[in-house]
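Following are the structures in question.
There are two complexes below, and they share chain A, which is joined by chain B in the first and by chain C in the second.
And now, the complex of A and B:
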C-alpha cells in the first residue's frame, strides 16, 4: 500500500505525526517534492481561481503524487483546540481535491479533530484501517507518532543578534521556501534574528487575547496575534514581518487587529500570490531592514509618545 | 438609546415594524448605495469581504443621523462573519464615533444568560409590558415572512406575467408603502393586502420562461445592492427566479439549529457532495444546487463576495454537480470594484446559453 502525503498546508506542522504513523503501519510513504514551479503551475491549473496561494499549491502537491499512490492523505482538519476552528477551506479540503483534480485515488475524508488524543486516535483508527485491520498495530503506530510529533515541534527562536524580527504568518507560508522565496535565509544572511509564534506559549497567548472584545475562534488568530503582542511587550523584537497570502480570510482580520494594537511599531506585510516577483519582495525586505537599523541604532531617535505609553493595553 | 442596524435586503422593514411596535427610538440608515460602499471601503481592512464594508458604511450613516447603538447579529463559526464586530467596534471608535454595539451571538457559543442580558439591553429601553414585547417580536416575524413571501412570488411570476414589469412595480410600491407607514399593525395589513394582490397579477402559465435558482453567500444573495440588483435584472429579462436563503429562513435555521432540526431538505440534498458543515452557508449552497437540478430548473447562479472562504469550497464542488446532475451554474464574484457592464454581459450570455441548451436535442444526455 502506497500512502501519498502532499507537502502542503499543515504538513509543515504535523509532518512528523503523519509520516511516523503511516510508516509504522508498514506502508510505503510517498511525500511530494519541495514546492517548485511545476507544482505551483499544476496547482493553479486545477484549483478554483478564487482560492488562496497555499491551497492552490496544495492542489499541485496532491496532483503531483496522485498517480504514484493508492491512498491520498488529505487531512480534513476541523479544529486543533477546543472551541476554536481553523480556516473553513481546511474543512472542505478533501472535497476541493476530489472535485477539482481528475482521477484522484482514494482520499481520506474523515474529519480530523486534534483537540485531544482520543479524537486524534479515532481518526487514526479509521484512516489506518485502510492499511491494516489490526487495531493493536494502529495503536502502537499512533503512540510513536504522537511522541515523534511532540519531539519535532520547534519553531524558530533566534535571539541575541543585532536585530530581531518576528516572522508572522501561517506555518505553510513561513516554512515553504519556494512560496516565501527563501526569506528566512535572506534575513539570516543579513544578520537578522527570527522569532516565530511557536516560541510563545499557549497559555500566554490565551491570556493576551482576553483584551479583545470577542474571544477569537481561530487558533491561528489567537496564536499569531497573541504572540505578536507578547513579544512586543517583552521588547524581544524590533519589527514584525507578516507573510500573508492574497485573499487569506484569516490574515485579513489578524493583520488589522495587530495594526490596531501596535501603534507605530514597524510591521511589513508581504502579500504572496502566484505572480509575486522576487525582486520586489527583496527590495521591500531590504528597505524594511534599513529602516529598522536606523530606528534602533540612530542615537537621535526619539520614540513617539504613543510608543512610550504602549504597555499592552487597548489603545482604542 | 437610538438604535441603528446594518442593511440586509428587506430586513429593515421588519425591524422598523419591530421598533415601532416596541416604541423604541431608531434610525434606519439610507439604503445601500455608492456612498455607503465608498465610506465602508475607505475605512475597512483592504482584504475583508464586501458585507463588512457595506455594514461599516451603514453604521457611519446611521450614527451621523443620530444613532448611538448598533444592533447586529453575530456568529462564532469558522467564517469571517464572526469576527466582524471585533474589527467594526475598533474602526468606529477610531473614527471618533461613540457607539455601543449589541451583538446577538448564537446561544450555543455565548450561553443563555449572556444572550438574555443582551436582549434585555435592547428590551429595557421599551416601556411596553413583557407580553406585548413578545407580541411585537411575533408581529415583526410575521412581517418578515410576508415580505419574503411577496418577494418570492414577484420573482417567480416575472417570467409569466402578461404585462411585463407589473410585478416589479407592485413590489417597489409595496416596499415604499410599508416603509412610510409608522403604525406596525397597519403595516402588516398593507403587506397582507399586497400578498393578495400578487395573486391576481394577470399571468399566462402556458409560457415557458427560464427558471433560475439564485444561491451562494447569504449576505450577497439577499442584499440587492451588493449583487448589483441581480434579481431585478433577471425580472426585467423575464426570468423566473427562486431563492431559498431569506431572512425568514435564516431565523428559522438559527432557532432550529439548537435542536439540530434545521433545513433538513437542504442538508440531505448536500450529503452526496459535502457531508459536513464547513462554516458560512457552503453546505446550503451545494444542497440548493442539487435541489435545483432535481426540480428541473434551467440553471443556477452562485454569488459570493471576493475571498469568501466557505463559498470557494462550494465553487470547487459545483462543476461536479454540473456534470453529474446536468445543471449549468454561473459563479459571480462581487466586490467593491465589480463593474456593471461586465456583470450584465455574463448574465446575458449565461441566459442565452440556457435558452439554446433547452432547444438542443440532446438536452440531459
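And now, the complex of A and C:
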C-alpha cells in the first residue's frame, strides 16, 4: 500500500513520526517534493481563497501526490498539549482537501490528539488499520515512530556569530525555504547566526508565560512568546525576525504580545504571501541587519526605555 | 568632485549629484514607468554634457531597482532604502527622531535616536496607502497629482473613507461620489484615511517624537502632511529635497564607503547613456523552483543576472563592476 504524506504544515515538526510509523507498517511512503512553483500554483488553484498561504501550499502538496498513492495522510491535529490548542484550520483540513481537490484517494479523517502517547496510539490504531489489521505490528511501529520523533528534534541553534537573531514563526514557514524565500540562507550568507524557538525548553516557556494575565490558548503562542522572552533575558539574541503568513490570526496575537514585552528591542516582522519577488524581503532583512550592526557597534546603544506598555497605553 | 546617487523606485527614478560639503547640485526626478534601465539611461544622458566622468568620485544605488541600476552604472554600493533615507535625513538635520517616508509602492517609518536608526517598519504585503494608489485615484478623479493636496486643503466637511485597503477605499470613494459629496471633501477624507492606515499599520507601537521629517514623493501632498500634523499633534517638516532623499543617502553612503576603504570608484561614466541596455527574463528549468531569471544586457552582452534562488546565474562573475552589498 502506498501512503502519501504531503510536505506541508506540521510535517516539518512530525515527519519523523509519520514516516517511521507507516514505513514500519510495511507500506511504501510517498512524500511530496519541496515546495516549488507548481505546488504553489496548484495550491492556490484548489484551495479556498481565504485560507492562509501555508494551508494553500499544503493543498498543492496533497494534489501533487494524490495520483501516486492509495491513502493520503491529512493529520487532523486537534491539540498537542493539555489545555492548549493549535490553529483551528487543522480541525477541518481533511474536509478541505476532500472537497477542494478533485479525485483524491482515501484520506485519514480520524482526529489526532497528541497530548500523550495513549492518545497518539489510539490514532495509530485506527489509521494503521488501513495498512494492517495486526495490532502487534501497529504497536511495534508506534514505538519506533515515537523513538524516531524524540530523536529528531528539529530546531536551529547557532551561537557565536557576529550577530544572532531569533527566527520566529510557525515551523511550516521557517523550514519551507520556498515560502520564506530562503531567508535562512540569506541570513547565514550575511554571517548571522539563527536561533529558533525549539532551542528553549518546554518548562522554561511555561514559567515565562506565568507573567501573562491569561494563559495562552495556543501551544504555539506559549512556545514562541516564551522562547523569545527567555532568549532575550539570557542575552543570546540581538534581534527577532518574525516570519508570518498574511492573515494568520495566531501570529497577529503573538506579534503584539512579544512587542508589548520587549520594549525597544529590535524586531522585524515579515509578512509572506504569494509574492515571489524577493526585493521586498531583501530590503527589509538588509535594513534590519544594518540597524543591528550599528546598534552593536555603538555598544548596544539603547535609548531611554519606552514606557512599558502593558497598561494599555499605546505611545501612538 | 561629486558623488552620484541613484534611487530607482517603483514610480520614480531619482538621480542626484552631491558635492563634498553635502549640497545637492543636481537633481533629476524621472518617472520609472516600469522601465528602470531606460529611466537611469535617460537621466545620465541629461547630465552627460554638463559633467565630466572625472568629476564623479563615487556612485551609489538604492531603491527597489538598486540591483539592476548598480549593474548598469557601476555603483560602488547598493544599499536598501531604509538606510539610505535615514542617512540622508540625519545629514540634513541631526536632530531628527522620526522619518516618515511614503513612496510609490512602499511606506516606511524610521525611528532615529542620536543619529542612529533604532527601529523601522515598512508596509506589509500590500501597497495600500502609498503613492501609486494616490496616483491612481488622482487619475480617476481627473485631477493632476500635483494639485491633489491643494484640493484636500479646501475641504470643509470631513468625509470618512475606508483606508484599510486600496480596493475598499476606492469603492468607498465611488459610493460617496455617487451620493454627491464634494470632490475636495472626498480627497481630504482620502488623505486622512491614508494617514490613519499608516499610523495603525506601519507606525503601530512606535514612539513618534519630534522632530518629524516627511519625505518621499507623497510628501509633496499638502493634504497628507496636514492630516499627519492633525493626528500626531506635532509639526511635520518636509525637507527641501524630500523627493530625492533616498538618492542623496545613496550618494553619501557611496562616498563614505570609498573613503573608508580608500578605493577608486567603479562608476562606468556617463557614456553608459549611449549604450543600449536591455533585460530579458527566462524561466530556469534546472529544478522545480522554476525561478524567473533576469539577464541584463549591455550592447547585447550579458553583464549580470539575478532572480535565481540557487545562484546558478547570480554567481557568474563578470568583468563589469556589479556590486551586491
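Criterion: the second predicted complex is superposed on the first by the 298 of 316 C-alpha atoms of A that agree within 3 Å, B and C clash if a C-alpha of one lies under 4 Å from a C-alpha of the other, contacts with A are read in each partner's own complex, and residues count from 1 in each chain.
Just so it is clear, contacts are C-beta pairs under 8 Å (C-beta built on N, C-alpha and C of every residue); 3 or more make two chains touch, one makes a residue touch a chain.
Computed from a predicted model, the values in this text were never measured in an experiment.
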{"item": "Joint occupancy of chain A by chain B and chain C, clash or fit", "value": "fit"}
{"item": "Which of chain B and chain C A:144 touches, first, second, both or neither", "value": "neither"}
{"item": "Which of chain B and chain C A:108 touches, first, second, both or neither", "value": "neither"}
{"item": "Partner chain(s) touched by A:157 [first = chain B, second = chain C, both, neither]", "value": "neither"}
{"item": "Partner chain(s) touched by A:23 [first = chain B, second = chain C, both, neither]", "value": "neither"}
{"item": "Chain B versus chain C as contact partner of A:132, first or second or both or neither", "value": "neither"}
{"item": "Closest approach of chain C to chain B (Cα atoms, Å)", "value": "5"}
{"item": "Doubly contacted chain A residues - partners chain C and chain B", "value": "246, 256, 316"}
{"item": "In the complex, chain C residues that touch chain A", "value": "64, 67, 79-83, 113-114, 116-122, 124-125, 199, 203-208, 287-290, 292, 307, 309"}
{"item": "Parts of chain A lying in touch with chain B, wherever the complex brings them together", "value": "47-48, 50-51, 76, 78, 83, 85-89, 91-92, 95-96, 98-100, 111, 212-214, 216-218, 221, 246-253, 255-257, 260, 316"}
{"item": "For the chain B and chain A complex, residues of the former touching the latter", "value": "45-49, 74, 76-80, 82-83, 85-87, 89-90, 93-94, 103, 109, 273-274, 276-280, 282, 306-310, 312-317, 319-320, 333"}
{"item": "Of all residues in chain A, those that touch chain C in their complex", "value": "33-34, 36-39, 178, 181-182, 246, 256, 259, 264, 266, 269, 271-273, 275-276, 278-280, 282-284, 286-288, 290-291, 294-295, 298, 301-303, 306, 314-316"}
